[in-house]
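Have a look at this one.
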Amino acid sequence: MDYLLFIDILGTIAFSISGVLSSMKKRMDVFGILIIAFVTAVGGGTLRDILIGFPVAWMRNLTYVYVIMGTTIFAIIFRKKLVYLRRSIFLFDTVGIGLYTVLGIEKGLAAELSPIICIAIGTMTACFGGVLRDILCNEVPLLFRTKEIYATACILGGFTYFILSEFPLSQGLVFALSGVVVILVRSLAVYFDIRLPSVYGKGDTNELP
Amino acid sequence: MDYLLFIDILGTIAFSISGVLSSMKKRMDVFGILIIAFVTAVGGGTLRDILIGFPVAWMRNLTYVYVIMGTTIFAIIFRKKLVYLRRSIFLFDTVGIGLYTVLGIEKGLAAELSPIICIAIGTMTACFGGVLRDILCNEVPLLFRTKEIYATACILGGFTYFILSEFPLSQGLVFALSGVVVILVRSLAVYFDIRLPSVYGKGDTNELP
Amino acid sequence: MDYLLFIDILGTIAFSISGVLSSMKKRMDVFGILIIAFVTAVGGGTLRDILIGFPVAWMRNLTYVYVIMGTTIFAIIFRKKLVYLRRSIFLFDTVGIGLYTVLGIEKGLAAELSPIICIAIGTMTACFGGVLRDILCNEVPLLFRTKEIYATACILGGFTYFILSEFPLSQGLVFALSGVVVILVRSLAVYFDIRLPSVYGKGDTNELP
């Protein structure tokens, strides 16, 4: 279980920085920045644990709290340097969703849920922190509107996990490869500007009930 | 318990369609439509199960997931036909809240909660999916603003349930009659344009603290 | 445990009135007012209980429901008198967060959580009802934006609790003093217009990634 904790903390750092940057763009106060960082980092996992009925991880393990606080302070202090890291926000976020997706799937399996629910749980773990962040910032969650390959990358990574599990590979390798699929799909989609197909025909607007 | 599952699935279909139509009006992408359909359909029941401390139903029973996915695909493909079903949205939604109210009450009773809490749980099961949908769409929940007889119909149906339970009727009949009361109250209120009384006098605005 | 229930009910009344006034300002209908009062009053405690894994208090104890309903009816009927109580909203709210902070800490201790998590839980109990209220009213939670000393007061009260616990004082005295610290810090901050320091330098806006 040790490598799971390590992966979880890496994801926590990634999401905290993304949360700090989002909230500072909104010019929130110190407390607001910390809360948004916290919610972005642990929101998805908290919803997952509540839905599954597991104890909420960050309440029993102070590591998360210290990591988020440290990352927040670091990001606020070095905010001027973060200007040069514009692309890193994307990188952090992408690595984060890759890690969280697979972690969510493994928690779902530990609760003996079926594969399709595990994939949903993994995607939720990865994406829900950002949705909560957008709700708290009073915006329509970006996730639902942009046709970006974001949750779709998590879902594909989830299918990869269960396909690879059929082969005689070590769990660590299945874990790593599935995470890499999420990261690759998301990165390639952004690089080549691939988007979800539109479900709306021309002039659909007026015809919808 | 079989007929409870059947009723639950009928309600799931009804709310999914209502969710698909709402999110397509907002021109969300495929993933957004699916999530809004899902949240509208299972949001109320999920909150109920978390509050009561029951395992969340849709996580252990794939039927819900398949029904919501199928309904969403169906509704997206036949969206042009749904134009002619404008009134059906209302019908689906109304039958949905009738079914969900009574289902919520029975779950509350199974958890040995008192009647007034059961009625609150039933109303929450029926109405909270729509509230969550509005929050995700970044709107003030319609439920709180329109003076429409909506939650009120659920509450009246809830009282009907506990009044009828005093008489020597079968549980199925009590269930059906209470659901019908919800549907009737809501339909008649819309038909005759009956609304909640205003709590505001003329010129109250300026006087409120 | 009796004095805990009493304190809890005082806080419930305070938050209900604050919720009624907020929702009436938004000209919600009767049902909306009741729901916002309810959410503002029990939202923080409900989230706390779900996160800790405790049964949700108001579902097993009708006292809360009756108190919130009674307070709501009272506040709606005497809304014209409440005009003269503009400052009382502040007072109610401030006493409420003092009480809820310490109550949340004690529930955290009962769940054997570490002090820092208990302080977070206490702050959440005090502040999250208002955050939920703002989300339901489709506003960015005031808590995150105003630089006001609000959550900060709760956090300081929390530290006070654990510092005083080191001394040979009765639990009731520690409870009361910590609550008073929250109330004092908040009141003095408003009186002397003390705010959180800004984390933004001049011209930061354009430089942030």
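Should a chain be cited, it is by its letter among A, B and C, assigned in written order, with residues numbered from 1 in that chain.
Keep in mind that, in the parts below, contacts are C-beta pairs under 8 Å (C-beta built on N, C-alpha and C of every residue); 3 or more make two chains touch, one makes a residue touch a chain.
Bear in mind that the values here come from a model prediction, so they are computed numbers and not experimental data.
Participant: Have a look at where chain A meets chain B and say same if over half of the interface residue numbers show up on both copies, different if under half do.
Facilitator: Different, since most residue numbers here occur in only one copy.
Participant: On C-alpha atoms only, rotate chain A onto chain C and read off the angle in steps of 5 degrees.
Facilitator: 120
Participant: How many Å are there between the centre of chain A and the centre of chain B, using C-alpha atoms for each centre?
Facilitator: Centre-to-centre distance between chain A and chain B: 30 Å.
Participant: What are the residues of chain C that contact at least two other chains?
Facilitator: In chain C, the residues touching two or more other chains are 50, 135, 138.
Participant: Mind listing the chain C positions that touch chain B in their complex?
Facilitator: So the residues of chain C in touch with chain B come to 21, 23-33, 35-36, 46, 50, 55-56, 59-60, 62, 65, 76, 79-80, 82-83, 85-86, 89, 135-138.
Participant: Chain C touches which residues of chain B in the complex?
Facilitator: Result: residues 50-53, 113-114, 116-117, 120-121, 131, 135, 138-141, 143-147, 151-152, 196-200, 204-205, 207-209 of chain B touch chain C.
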